[in-house]
Amino acid sequence: MALIKLVRTFAVMLPVVVVAFSARGADTVKLGLIEPFSGPIAAVGRDTLEIFEFFANEVNERGGVLGGRHIEIVPLDNAMNAEKTTQQLRKVIDDEIRFVSQGVGSNHALNIIKFLQRHNRRNPDQAILYLNHSAVTTSFTNELCSFWHFRFDANVDMKVAALVTQLGRDPSVQKLYMLNQNYAYGQAFQAAAQQMLGERAPGIELVGDELIVPFGKVLDFTPYIAKIKAAGADTVLTGNWGPDLVRFVKAASEANLDASFYTIYAGIPSSVAGIGAKDGIATRLKQVTEMHENDPLYDQQPAELLDTYDRWRQQTGKSIYSERMRWTIEFFAAALDKAGSDDPALVAAAMEGMTMDGPAGPLVMRGEDHQIIFPMVISTMAEDLERPYIYEGDNYEVAFATDGWIMSDAIELPTTCEMKRP
Amino acid sequence: MNSALTLTGVRKSFGATEIIRGVDLEIRDGERHAIIGPNGAGKSTLYNLISGRFPPSAGGIHLYDTDITNKKAFEINRLGLTRSFQVTNIFARMSVLDNVRCGCLFALGHRYAWWKLVGRLRDLNDRTALILKDIGLWGKRDLPAGLLSYADQRALELGIAVAGGANVILLDEPTAGMSHSEIEQAVSLIRRISEGKTLVIVEHDMGVVFDLADRISVLVYGEIIATGSPSEIRSSAAVQEAYLGTGAS
Amino acid sequence: MESFIFAMFNGVLYGMLLFLLASGLTLIFSMMGVLNFAHASFFMLGAYFAYQISEGLNFWAALIVAPVIVGMVGAGIERWGLRPVHRYGHVAELLFTFGVAYVIEELVQMIWGRVPVPYEIPDAMAGALFTWQGFDYSIYRVFMLVVSVAIFVALFALLTYTRIGLIIRAAVSDPTHVATLGHDIPRIFMWTFGFGCALAGVAGVVGGNVLGTEPAMAIQLGPIVFVVIVIGGLGSLGGALVAALIIGIVTRLAIFYDYGVGSLVLALGLEIDTTSMLRDFTRITTAQVAPVLPYLMLVLMLIFKPRGLFGTRDV
Amino acid sequence: MGRLAPWIAGAIVMMALPHVFSSGFALTLMSQIGLLIVFALAYNMLLGQGGMLSFGHAVYFGLAGYFTVHYLNFIYEEEVPYIPVTLIPLLGGFVGLFFGILIGYVSTRRAGTTFAMISLGFGEMVTALTLVLVAIFNGEDGIQTDRVIGEELFGVTYGPNIEVYYLIAGWCLLCTLAMFLLTRTPFGRISNAVRDNPERVEFIGYSSQRIRWLAFSLSSFFAGIAGALHAVNIEHVGFEQVSVLQSGLVLFMVYIGGTGSFVGPIIGATLLYFLQSTLTGVTEAWVLYLGVMFVAVIMFFPGGLAGLITMHQPIWRVHARLLAPLLIPYARFFAALVASVLGCIGLIEMLYFRSSRLSTETELVIFGIESDPFSAAPWIVFTGIAVAGGFAVRKTLPSAVSAWNTAIADARVLPRG
């Protein structure tokens, strides 16, 4: 009861806080969030904004950063369009925002990295720092690495490494079928898996390796399912996301394909909503994430954090599924304090090598390539769990149950980054 | 005798129905030739075959000495044959002036030019002005053609057709739907513009036909049943029976 | 062989679903000369209505009611939207339906949100009807096939044996003719449009739960349906059927018999420069380009036979 | 001299704009508008001048963009001859022209609906290929470039945005002039004739197919210039630039601006891009408004915004005072229209808020008024405004129309003066 009261108080307070924010705008540390807030995938951008605003507010409630200043999230809509991203970056420069975050769409991430490299070189005293919360292209922390870019999500190779390690541990996996989207990300997933399978899961036979036209162009996956059946595969490994994942899994379930699905993105809200409980369970749908709510380690986290999670669920009617975005805010706040300044160069320097406690081990921001390293967990969709998946108040009655943790040493891959520091 | 247009054994079928059933016809150079016949006789189809809108199913068509049987409409036009349409067929959103200009452009050799400005082409504008004055639309040259009165649109239709200066002119019911006074004007206009040219005219108004034509051909159910001078046609028994007797429209 | 038959089965199924959409589009086009760009949006509406109705009642109610509502919406749009635009010509009508497609997609997002809705196959039809040579032929897919074939037969009978069918066929062959026979053309247009949309609605009801019900489904399916009716020949129902089946089957077989350009190049004994920018051309396989094949077929068709397979009318 | 006045005025405005709006955001916005004007005018060569409705014209825009970024990168690696950035747009134009000639040959064989479908087919195919042929198009990531490849005349490097703005403004003016002059050539006139009546054109010596092909190629040339300018401005090209979405946007710009007059696309590109850039941050319903606006233009004023202006041209040409009697009926009608539109916007915003509100958003501010979509009051108010406005529109429209009719009739009677 007290909790509901607290939420209500909070809800009433928030407009006041918002007004207070705008009144003392000069005192805040602004973090521009460039995501699609309009257009077909606006839902993803808006979910991200909600998480950022919520956890920035948590930091502010705790007393803020740099001795009482607040973090202010400035939403900047890029409509999932490269030219709008550039336009918003120029707005960021105009408005003297010195920190930006983005994660939806690695093409836009690349755009930002390249833009900031040019801008920061041409205008070193107006440098801008980019905190990448979800864009996973491996090269961003390899050959394309930049001092002005930090990544708070595992890259594709790391995620594949975790999945393949788990495949090697699972004795029921004999024949594996790979299906990926035919574009930069899907091809990177495919290449990484091909390379790692031999090292980490030598006993597994790869019976199929397929690329499909991406972005919802394949309307009916049944023929692919038939091929998987014909190949006798017992496990499917796919990097698909969005409609390409939803349709793939639904077609498999409908055709009673007896195989487990190893994926990266099964747990994002639109996928869970699209796939549904029945088909997810039938395909033993698995995901690799930084954490999930039904892991045994969940309850062993600090009490304040569990309180925060509860408040989040109460307020938003949504499950916790993107810890990395909370980490982004927390690292940002800690780096500001450690640097004792809001100068992006100092903050970047402070962030290098910074560590924090994670649920299963430390989260380390590797200094040499600005890639975060952390243990990852593989989980499978299941029913009757303590915290079923909720999204916008709808209860999906399923959630994910842990198969196993992959510790940092198995995921940490060498980098080819030759960082140029200013 | 030089013939401007020669049709030999021309046939045309649409599906199973044969509309033109073997037409032989000779239009002499410089004559005014009328084609008459009841509704559905195939007059418009015959025009469409000559002017290249459709290819004939069989037979041959010559313009002077050139075989134009399977040529495309614009190729035939470039060889010096032009036509008007029964249903007004103009460029409705363009000005009257530009309608006539378009009719002149190809013949004056400007073709597809995209590097010259029409306003600067003296030959084009002189000729356009001449034709506009001739068809009595000079005063309305800036109006969109679609806003003209019906009679003016018919006049413009003629203007576009003759603007290119083709030697052989095919007119399809140029006076259809006009009042008496308008018809008189139209006839004198036709007489003027066809001066020194070969004219073929499809017409229902017998007054116009007998007034204008040097020779007349009668088309009934896809066949030419008679060709001759107006007086010959007037007195021909076959024509009386097949056409005039059943009631001219 | 068994996988070939399974691929054929799915190809026919997908083809018949395309035909359900294409038949409505063809009917509308034949009668009114309007290429309804929003047709796939009505397919989407069918799926969403079916989801909503099956939440409240059940799938069977949705199967009957959803297409009727979609048809009503379609008729309404024709009556108050398309009819006033008619006088501006076919291009304006096409543009109008293009705009309507945008609006419908946004309205769907406004009402049902931007994430997919969980529209599921009814439990009664979830299992396999029979298993043959290791492949499951699910009850629902067979049911889809039955529904689409039944609608095809009904449509055929309607056109061949009824008075309305006579009028429609007359209008298809000569649209100006029917008006002279004293029929109320605007009303016929309205109901044709509504009926065509209802057919798309049926496709939405039976296809939405298999393909996924989400705001982008219209944009993803729409262009393919146009390809179907252009390849089949604009205004030809038989052509639409054949083209739909061809596209359904070809895209399925392309996935099954996965040939690559690379193997052809190797067979010819040519060397591939793996650093060249054109290297990807040699890596393409038929499975990868399967969804693009319809467009390729469209382009080839227009080069070699611009009227389509069974087209009789120019546009 | 009178005919040159609009061009000189346009040039002066373009020169002055960056001094009024000098922020980086405004510069980017104005640069984008400049190149979109070129693209929209090129598109209108097809739709407005040639009667060809294309759903895939972004193909030429985007492919030219891809070529441009590759060329810039190759210059950087010294693999190709150096071309100053000032002239790079011309290169893009030739790329557009090349693909226009190639694809145009196939697609312009038909007009009308079939042409529209072929353009859609090519658009879908090229978009799909940009994702499959990674070596050329780099898939979803697209290609990055750096437009600073060397110093040009007067020390221009195109590093600062202001220099790029002037580059785009210059090319925009040049292309606009060129496309305007094109409408006055034999080709331009015959192109209009093909739009009005493709069949008749065949009987005055022209192949309508050939004209369409030519129009298509020239239009692709200018679309290519716009695409290259886009690549220089954004320094990135991705599959969005060739996609059917981009083609649809330019179609919306041109049609809402007005296909019937030369300035229509300019108005449309400016207005729509400005609205899009400013409204997307404010409302989620932007695409819905855009769609509704488009449908409304088709249904009620197919001449577009420019058409609304040009329908008064005959009146003020005769005498400006003839416009005076229009003011009051127009003002009444406009007030009613604004009221009903505002009411509808309020309702739509509240619906969106209810369906996709974030928990961190607790208030909805519509037109500066805080409204609670979970209480009945704002619903009643906005519905009331919308319905009352709708009735007022129906009541005031006839008098506005008859005022125009009277004015135009007067204008016909009175001599010019």
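First chain written, first letter: the chains are A, B, C and D, and each begins at residue 1.
Everything below uses one rule, namely that a residue touches a chain if its C-beta (ideal position, glycine included) is under 8 Å from a C-beta of that chain, and two chains touch if they have at least 3 such contacts.
This is a predicted model, so every value here is computed, not measured.
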Checklist outcome for this item: By label, the chains that touch chain A as well as chain C are D
Checklist outcome for this item: Farthest chain from chain A by C-alpha centroid distance is chain B
Next on the checklist: For chain A versus chain D, what separation do you get between their C-alpha means, in angstrom?
Outcome noted: 37
Checklist entry - CA centre of chain C versus CA centre of chain D: separation in Å? => result 31
Checklist entry - Between chain B and chain C, what is the gap in Å from one C-alpha centre to the other? => result 46
Checklist entry - Per the centroid of Cα atoms for each chain, what is the distance between chain B and chain D, given in Å? => result 43
Checklist entry - What residues in chain C touch two or more of the other chains? => result 113-114, 288-289, 291-292
Checklist outcome for this item: Shared-interface residues of chain A (touching two or more other chains) are 42-43, 182, 213, 217
Next on the checklist: Let me make sure I understand the interfaces: which chain pairs count as touching?
Outcome noted: A-C, A-D, B-D, C-D
Item to check | In the complex, chain A residues that touch chain D | outcome: 11, 14-15, 37-39, 42-43, 46, 49-50, 53-54, 57, 75-77, 79-84, 86-87, 90-91, 93-94, 105-107, 110-111, 114-115, 118, 122, 137, 182-185, 187, 213-215, 217, 315-318
Checklist entry - Can you list the residues on chain B that touch chain D in the complex? => result 51-53, 72-74, 77-78, 82-83, 85, 89-94, 98-99, 101-103, 105-107, 110-119, 121, 160-161, 163-164
Checklist entry - What residues on chain D touch chain B, complex-wise? => result 181-182, 184-190, 192-193, 195-197, 199-207, 210-211, 214, 218, 260
Checklist entry - If you look only at chain D, which of its residues touch chain A in the complex? => result 23-25, 27-29, 32, 128, 131-132, 134, 138-142, 144, 146, 148, 159, 161, 230, 233-238, 240-241, 277, 280-281, 284, 286-287, 356, 358-360, 362-363
Checklist entry - If you look only at chain A, which of its residues touch chain C in the complex? => result 40-43, 182, 210-213, 216-220, 222-224, 226-227, 229-230, 243, 246-247, 250-251, 254-256, 269-270, 273-274, 276, 278, 391-392
